[in-house]
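Everything below concerns the one structure shown next.
Each chain carries a letter (A, B, C and D) given by its place in the written order, and its residues are counted from 1.
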Amino acid sequence: MMGGAWRRLKSDRYGMTGLFIVIVFSMVAVCVWSGLLGQGWSDVSGNRWESVSTTHWFGTNLLGQDILQRTLFGTATAFEVGLLVTFCSTLLGTVMGALAGWYSHGWLDEVILWLKGVLDSIPFYLFAAAVAFALQGIPWAMHLAMIITFWTTTARIIRGEVMRIKQREFIEAARAIGLPSIKIIFRHVLPNTFHVLLVQASIVFVAAINTEVILSFLGLGIQDGVSWGLMLAESSQEVLAGHFGNFVAAGTSLFVLLMGFNLLADALQDALDSRRATA
Amino acid sequence: MSCHALKVNDLSVWFETDSGRRQVVDHISFSINAGESTGLVGESGCGKTMTALAILGLLPTSGVGVSAASIEINGKDISSLNAAQRRAVLGRDIAMIFQQPGTALDPVFTIGHQISAVYRRHFGGSKKHLWQIMLDSLEAVGFSRAEKIASAYPHQLSGGMRQLAMIAMATVCNPVVIIADESTTALDNSTKSLILKQLERLQLQHKTAILLISHDLAMVRQSCRNVLVMYCGRLLERTDCQSLYSHAQHPYSAGLLSCIPQVSANRPPRISAIPGQVPSATDLPSGCHFAPRCIRVKPQCQQSVPHFDSEDDRAVACFRPLS
Amino acid sequence: MSTPTPPTKPPLLEVRNLSLSFHQQEQVAIDRVSFSITAGSTLGLVGASGAGKSSIARAIMRLIKPDSGEILFKGKNIFMMNSQQMMATRQRMQLVFQEPFTSLSPRRTIEQSLLEPLQHFAIGDTNSRQEKTRQIIQTVGLDHDVLRRYPHQLSSGQQQRIAIARALITSPDLLIADEAVASLDVSIQAQIIQLIQSLQEELGITLLFISHDLAVIRQIANDVAVMYQGQLLEQSPADTFFSKPNHPYSKTLLSFTNNKAPTSLPVENWRLDRGRTTAETTSNCVFARSCQVKMPICDQLEPASHQIQYRNQHPLGPHYVKCHLYEEVNTNDT
Amino acid sequence: MSVPYITSRLLYGIPLMLGVTFISFLLMVHFGPDKTYELIGKNPTEEQINEVRQSLGYDQPFLLRYGNYVKELLTLDLGLSDSSGEPVSSILIKTLPISLALVLPGFVLGNLLGMALGLLAAWYRGKWLDKLVMSASVVGMSVSFLVIIISLQILLCTPYGLNLFPVRGWQVHGLGSYFYYVTVPTLALVLVTLGYNTRFYRAIMADEIERDHIRTLRAYGAGPAELLFKHVLKNSLIPVLTRIMFSVPFVVVSGSLLLESYFGIPGIGLVTFNAITSGDQPILKAVVGLTGVLFVLALTINDMLYSVVDPRVSKS
């Protein structure tokens, strides 16, 4: 089944382009983490607002820091935020969604739905501000805010899938031989939500990177280190004076990576579509 | 016999796929006279529904190919009409009843609104007039409290009632031809036979021609005069119902008949089955498509396609027909 | 012709006064249903959709909990069993569903699906389990190479054979088939009926065969039970039922099958494909509204289930009818 | 729409409102920063500290403080702003109209355009037009809000571009000046939402077009206009309504937050932004609590609209 999906993905030009982009960027991130790239992001290596040259490919910023180095380091930051938020919120969303769906219309489902409803009712940026307000000084406030709000969508999708799968006869067949619920969920229910999860995870990844930019601009984002969001926030002061280095470097990187993920998510959706897989 | 209610001439339907053409309807021709019912039988996946959708021109335009020499209703060719001209014919001269009564009607409009909209589209008229026409058609299919049904939404009716409402919608313009595609398959046996009775009664009244598509030979036997047997996109046998059941000529027809369990006071004989299964449209056997499952197969069957005489009243596409 | 079953033989499965309502939908699913199946015989449970047939199957498998009543398997009430006894009982009864495709777990190979019950009940070791799957695949008329495939790679007929194989792999005493041939094409349906018939002969399995189609029931069942709106209206040996049905509803069902349906009935009165809500009163006969031979008493009093006594005919088994018409005959006779 | 249905919907909203207010209370009041030391002088005595804590209500039990917070929200008696000393409620009343005037045009246009493009793409599903619209919307979805704002500013408001509109600010006196200041923010809002909206509406409409009852209508001679504008639109109203209701907080609140802080427009967004940066608790807790409550109210109304739109809803 997965083989067929991979075959369909491979024949999708846009999807493969997306995958290529994502792989290139994640390799940059890995290089930054292992100390091969972007280590000079905070060094003052030139004068303020130097223009493009062979030593500074994208010029320098206000403080004379190399914009290329900062962009490369920002890639790693983007992946840190993306991976952490995606992993935690997907895990939380899957557990909550599976519980709510399996015990649908029970008290547990009601409680989870209520919690989801409450979290969905507070506009996200305000919620992030509130979390940052409550956790003053803690650098993970932004990540926490994203995880707390992003799991609800995953949970809603998984709940719906589980409720749909629960109706299927193969679940009744498993219950008829007395298989305990937990085994049924892990063996027969969750594997059938895998394709939905994969697509949803790539959407969450995009949302996380996108949100980091806005939160950084609002002063609620990354506390130490540098990110594309911080660079864009910086650039908003500079563009009026005609310094486009930060804006072009961070804006383009952000666009290309998000585009790559969006293309990949679309292609995954098509390739893993169960209706096409059964046809 | 000069003018048939419905005359289909050399109709083909195929899917364009990555792996090439998938022929789902393969050059079929048939005709139905006014006031007669013809059954189109065969197992699922043999092209029955595709035939119906192609006649009405309802197949999607991308990825699907349709060709026909002509499709005539009362002698008028509808296969060459443009979209707007075709819309003027659909519902007025030819109507279709679908398989799933649960989803075939729009859930957010009342039954009455949907039926009168069909009539208004083709003939217009005042609101009062439309309402009366609609009530008449509901009463004609057997509803005694038509007004109540008219103001109901589809979800408020049972499956059988929805299908009856669908029949009212099909008959409101008094069409020349009605195509019923597995219209009773989703219903209980009891509801099924009541609905067939209503359809037969309306047919007698209005001299409508009916193409009854079904996999259920028992049902076709009850309500049709002629029968077409279809397999893998081709017609294998055409005959009147009586002769099909007394002596079917094609081995496939005979096989299908022997598959039907019978209700009888004495314990019936053991059922017999056709071995194997319908091949997929991507992997059709050469020659006669039925040859691999046929008990009377001979070498010739796998090499060439047996001729099917499209003009004759009785025809069979077989090199070794049963008597 | 089957030999008459001696009345002393204890039934494999006995259902007593089973009742069940779906409170959320306010539907009466099962209303005081009692019947029994002797070992080795086949009971055909017939009725329109929504009559409660599937609910009975699910209650027997303990997939849903009835409101009241008892289900006895080999004389033991399954609701009183501890988990160990229940585990042993579950191994002895199995279920086959209507939809072949959704019966099989889509992301597991056929072999994994077949091995699951064996592993769960800890039957045999790894080798003997694999041997068993090969055997059972042959029993249902398929080749070994389907074991490595996934459900969506098989045709619906093959899928249903696999579903039957999975049900048979623990060598159960009771097999419940819930509309197991209803969604299949005629030629595939005939093949599956043939398969079930040969399984009956070779394995002597006891079968509860649920269907809305009397013609299919005629092929397979020794006894017939008719359900209507949650109640059991008639139960009799198949040969008796098909030659001389007693309950007016049974007669209607048979006449529909032979297409001798009455057309005079206003269609709003067809309540044949609808269930009964909990709000509706049960102080009358449930079939009274659609009955063609209704008497005044039918609207006032619910008939009891009576056993029909035969004088001349050799009884093939007990024959129960829940209708006022036969109450009178019976009281006159005794 | 029946009375019990309305009541049940209203009752369903109550636990949600309690939850929303409770969470904002927890985050901003209970776990929020302790303001005692900002209000007192150097080397305070124990007594002074207690006095200030008492005046701030810190000595009261948890539930009572929560109760007071809910009461503040209900009576709109929200205290004074830390930074300006003005009553919070009058700040909100003053700035709300500006925010609405700023984001509503973009919100409405973004949805209308998205709907039109989605309908077009769904109707020509699989054709080149569909592919074009879908590719464009993926591009649109991949551009960050901030990048769009900065790009538009460069292109339209600076000498590096066309230099047609003001770089920032909001001096609105009439319709002319309104258009002068609102155009660039509106364009930004439309561009950032259009990709998502188009995809969403296309998915909904494409599903509806595939429905059996649409095939029935085709079989009975209904033309494309009748299919699309009568049946497809009416059947897709529920997801569309939900979408609009759910996107209100995102677009109106988040949109105004970002646009106003960027363009320096004195609406609620800017007030909130300043409150975030300066830690002005009375304003933040009022904004978060009120938007949450308003959102729950909107959802409740939304649920009620369902039963008007779809006859199946009030039954189940």
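Following the convention adopted for this analysis, contacts are C-beta pairs under 8 Å (C-beta built on N, C-alpha and C of every residue); 3 or more make two chains touch, one makes a residue touch a chain.
Here the structure is a predicted model, which means the values were calculated and not measured.
Across the assembly, the mean Cα position most removed from that of chain D is the one of C. Averaged C-alpha coordinates give centres for chain B and chain D that are 53 Å from one another.
One inter-chain figure worth recording: chain C and chain D are separated by 56 Å, centre to centre, where each centre is the mean of the chain's CA atoms. Between the CA-based centres of chain A and chain D the separation comes to 22 Å, rounded to the whole angstrom. Arrangement of the chains shown, judged by which pairs touch: one closed cycle in which each chain has exactly two touching partners.
Applying the touch definition to every pair of chains gives A-C, A-D, B-C, B-D. Those residues of chain A lying in contact with chain D across their complex are 114-115, 117-127, 129-136, 206, 210, 213-214, 217-220, 229, 232-233, 235-236, 239-240, 242, 244, 247, 251, 254-255, 258-259, 262-263, 266.
Residues 56, 58, 62-63, 84, 87-92, 95-96, 98, 100, 103-109, 117-118, 121-122, 153, 155, 166, 169 of chain B are the ones that touch chain D when the two sit in their complex. Chain contact summary for the complex, chain C toward chain B: residues 1, 48-49, 155, 157-158, 185-191, 193-194, 197, 212-216, 218-219, 238-239, 242-244, 252-254, 256-259, 261, 263, 265-268, 270, 272-274. Across the complex, chain D meets chain A through its residues 15-16, 19-20, 23-24, 26-28, 31-33, 138-139, 141-147, 150-151, 153-154, 158, 160, 167, 246, 249-250, 253-254, 257-258, 261-262, 272-273, 276-277, 279, 281, 284, 287-288, 291-292, 295-296, 299. Against chain C, the residues of chain A that register as touching in their complex are 1, 105, 168-170, 172-179, 187-188, 191-192, 194, 274, 277-278.
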